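I have a structure here, written as structure tokens, and I will follow up with some questions on it.
We call the chains A, B and C, going by the order they appear; numbering starts again at 1 in every chain.
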Amino acid sequence: MKVSMDDTDKNSEAQQSYTLGPLQSGPHCCDPRPLISVTDLSLHYGAKTALENVSLDIYQGCITALIGPSGCGKTSFLSALNRLTDMLPGCHVSGRIRFNDLDVCDPDLDVRLLRRDIGMIFQKPVPFPLSVRRNIELPLREHGMRRQAEIDAVVQQVLQDVGLWDEVKDRLNSPAQALSGGQQQRLCIARALALQPKVLLMDEPCSALDPIASGVVEDLILRLQGRYTVVIVTHNLAQARRIANYAGFLWMRERTGRLIEFGQCRQIFEAPAHALTASYVNGERG
Amino acid sequence: MSKDFLATVMIWLTALLISGFFLYLLTDMLIHGLDRLSWAYLLDAPLDAGRSGGIAPIVTATAILVLIAIIVAAPLGLATAVLLTEFTRQKSHFGRFVERSLDVLASVPSIIFGLFGNAFFCLFLGLGFSLLSGGLTLACMALPILIRSAVEGLRSAPDEYRLAAAALGMTRGAALLHLLLPTAAPALAAGLMLGIGRAGAETAALIFTSGYVDRMPESWFDSGRALSVHIYDLAMNVPGGDASAHAAALVLVLLLFTINSIAMGLTRRWQRGRIHSL
Amino acid sequence: MIWSWHNILSLSRTDSILAALLRLCALLSAAIVILILLFLISESWPVLQHVPLSRFISDASWHPAQGLYNIAPMLGATLLSSLGAVLLATPLGIASALFCHYYAPTALAIWHRRTIALLAGIPSVVYGFWGLTTLAPLIGRLHPPGVSLLTGIVVLTMMILPTVALTVDAALAGVPAAYLRGAAALGLTRWSMINGVVLPAARSGIASGIMLAAVRAIGETMAILMVAGNVVQYPDSLFASVRTLTANIALEMAYAMGDHRAALFVTGLALLAMVLLLVGFAEFFKQDAAHV
């Protein structure tokens, strides 16, 4: 079962597509309302401005794609949403980000809880140098899950969700770094899902993978739709077009990233309001 | 052309000279040292100011000194290294201050450590001439080595682990414990070995902190004689002690070679591991 | 699924507790240098109070029992022996590093590096003992007594050679391969490539290596103590016995009392000052290297 992709307007038909898919983890969220709203976000690395005045809403249960040329600040934008920017030296964020009535930029916020609710997948798969099982178990234990039976159940469930269970069920205790690239990336997704996040940020999750593995991950992301809110950065315009409900286009102007246009995916690709967007999605620039 | 040739000859000669010197030193020590070396030599107490008998209490004292030094310096060094790499920005004033003072500490001559140990541990803290004073002095000396290697090991642990762990909501402490320290483990172990080597080789810092007494130490408040101090004493103050000194020197050098080889092996393994994980 | 929320919050707090603990440890590590300086000064204070610094170089001789504190001959001996050792070890060390990088086949280079590393690990007391039993008699045959400035210089050279060789080795490794390719493309001979391109490119690394070696030479105690003869005098030839600052401390600390002991700590301060000066220079060269 797969989300049918020939919906003319994915959002108006969201109600139906959300219930599809054999996914077991994650709650249903069939109500496309803004889950994250970003207002006037600016992001600086030291004296360099990477992003300026970005405002957009991320809708619950939808897949939002961010497209744009290299260096326009897409990764930086994702990092701001789960406060991973705290880890980057010299990075300074201003503006407002609200997540579920929570002020993300609040310095007193417990970022660990925030990051549990907003998971992140990186461009290069980052399996920890542990066994497959320990990769998923470690964050679970860190978040206070102690009972082994419970942990094993979660491990199996999330591995099934990412379609990895059959491939690795006999080698749960072998090193995760021995898996293939595509398997590693799915393991990373499983690891994030195990924490039951509300949002998944994906930074070019397919770009380090071959077309087959990339297709598998893409199918997986589609199945997340409706259960999780997904923000995905991709350089693959066709992929964005295939899977996203909403799309945002970022562009470098005066060496600073700006959001040029944001809207429903179909509108961005078929009837862009902005000339820059039109030339980018038609492959004329960028 | 002739200049090039001359340089080639000179450089090969230098290399030959160094290797030749090394082999000469080694065979010289083996020939003289093996005369006296035996199990009895290792297991007996020294007699007649060390001219005859063995070195058992001296080896014991050396081991205790090194052990104290490492037990004190390793946690302190690891903590400092972790602070420098994981909990301070590289340009922070505090981090720079700590690094700068460790650089200075690394270049302080060992005799100065001896003076300091005598004034601070023996007299000021009232520990007297004891293994504890000597061990603590050695700890101060080994600290910069341990910190430097630990910092290097941690800095080369991939940043992706830190980011991915943070993105999963793990604490820095957990990322450190489960991911970064295991990744840096060979580097930490190599540093530990280097520190042990440095502490085991030391003489000048021990003469007036742990003392000369060559009896078997009964506690760490006893004075004790390190192997290197034993060699020095036999060579300088005991006429007719040369044969014994040769044997002790051989024991010390063999011990240090073993330790340094382990350190080198670990470093090599660590570097290979890094290349593979890239 | 049960999440213990309390646990999460407290874990987050452990991070800040951990940070505080680590800061304390780091502070302690950094404080050692300051403690050393503090105790050297406080122990030398008794004599510094009533003996002006100038007398440490203008007194008639070094007889602490009679209140005469001239350390100038020992200062001279330290400087001469270190200078000699650095002058000898520098070309040897550079040649050894060049050998590893540009002359030796790979396998040989590996062995050579290992040899150097093992040489670096031999304790100074063993070098001293070897110098005393093997080298000093040889030099004594040339010109008695054998324990002399020259013996000291030779033994010190052996000891600091690995330091020079290893640091220059690292500096050479940092020379960009593009320089070499550029030089090779010009058809230069190996030596003109090294002389014209490699050594200039690595010069700040080499300079800081020499500084570090000098620091070791100045601070070396046991080896020089065992082979240099320990007579307090200005050497009139390479074969004269000399006593360095470090040897003086090691020899007299055992029985020194009162002002004598304090004077030895002054000697220690002088030694430390010299070393810090050199480290400062080395730092300067290192920063220079960073700018290039």
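Heads up, the rule we're going with is that a residue touches a chain if its C-beta (ideal position, glycine included) is under 8 Å from a C-beta of that chain, and two chains touch if they have at least 3 such contacts.
Just so we're clear, the structure is a prediction, and the values are computed from it rather than from any experiment.
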item: Chain occupying the middle, per Cα centroid; value: B
item: Reference chain A; chain at largest CA-centroid distance; value: C
item: Chain pair bearing the highest count of C-beta contacts; value: B-C
item: Chain A and chain B, separation of their C-alpha mean positions in angstrom; value: 49
item: Between chain A and chain C, centroid-to-centroid distance (C-alpha), Å; value: 55
item: Whole-Å gap separating chain B and chain C, where each centre is the average of the chain's CA atoms; value: 16
item: Shared-contact residues (touching 2 or more other chains) in chain C; value: 8, 11-12
item: Touching two or more other chains - residues of chain A; value: 112-113, 142-143
item: Overlap residues in chain B, where contacts from two or more other chains coincide; value: 169, 171, 174
item: Interfacial residue positions of chain B with respect to chain C in the complex; value: 1, 3-4, 6-8, 10-12, 14-15, 17-19, 21-22, 25, 28-29, 32, 75-77, 79-80, 82-84, 87, 94, 97-98, 101-105, 107-116, 118-120, 124, 140, 143, 147, 169, 171-174, 197, 200-204, 207-208, 228-229, 231-232, 235-236, 242, 245-246, 249, 252-253, 256-257, 259-261, 264
item: Residues on chain A engaged by chain B in the complex (per definition of touch); value: 82, 84, 86-87, 89, 111-116, 119-120, 122, 124, 126, 128-130, 138-139, 142-143, 177, 188, 191-192, 195
item: Chain B residues touching chain A - in the complex, by the definition given at the top; value: 89-90, 160-171, 174, 178-179, 182-183, 277
item: Chain B-facing residues of chain C, complex; value: 8, 11-12, 14-15, 18-19, 21-23, 25-36, 39-40, 42-43, 91-92, 95-96, 98-99, 103-104, 112, 114-119, 121-126, 128-130, 132-134, 158, 161, 165, 189-192, 194-195, 212, 215, 218-222, 225-226, 246, 249-250, 253-254, 264-265, 268, 271-272, 275-276, 278-279, 283
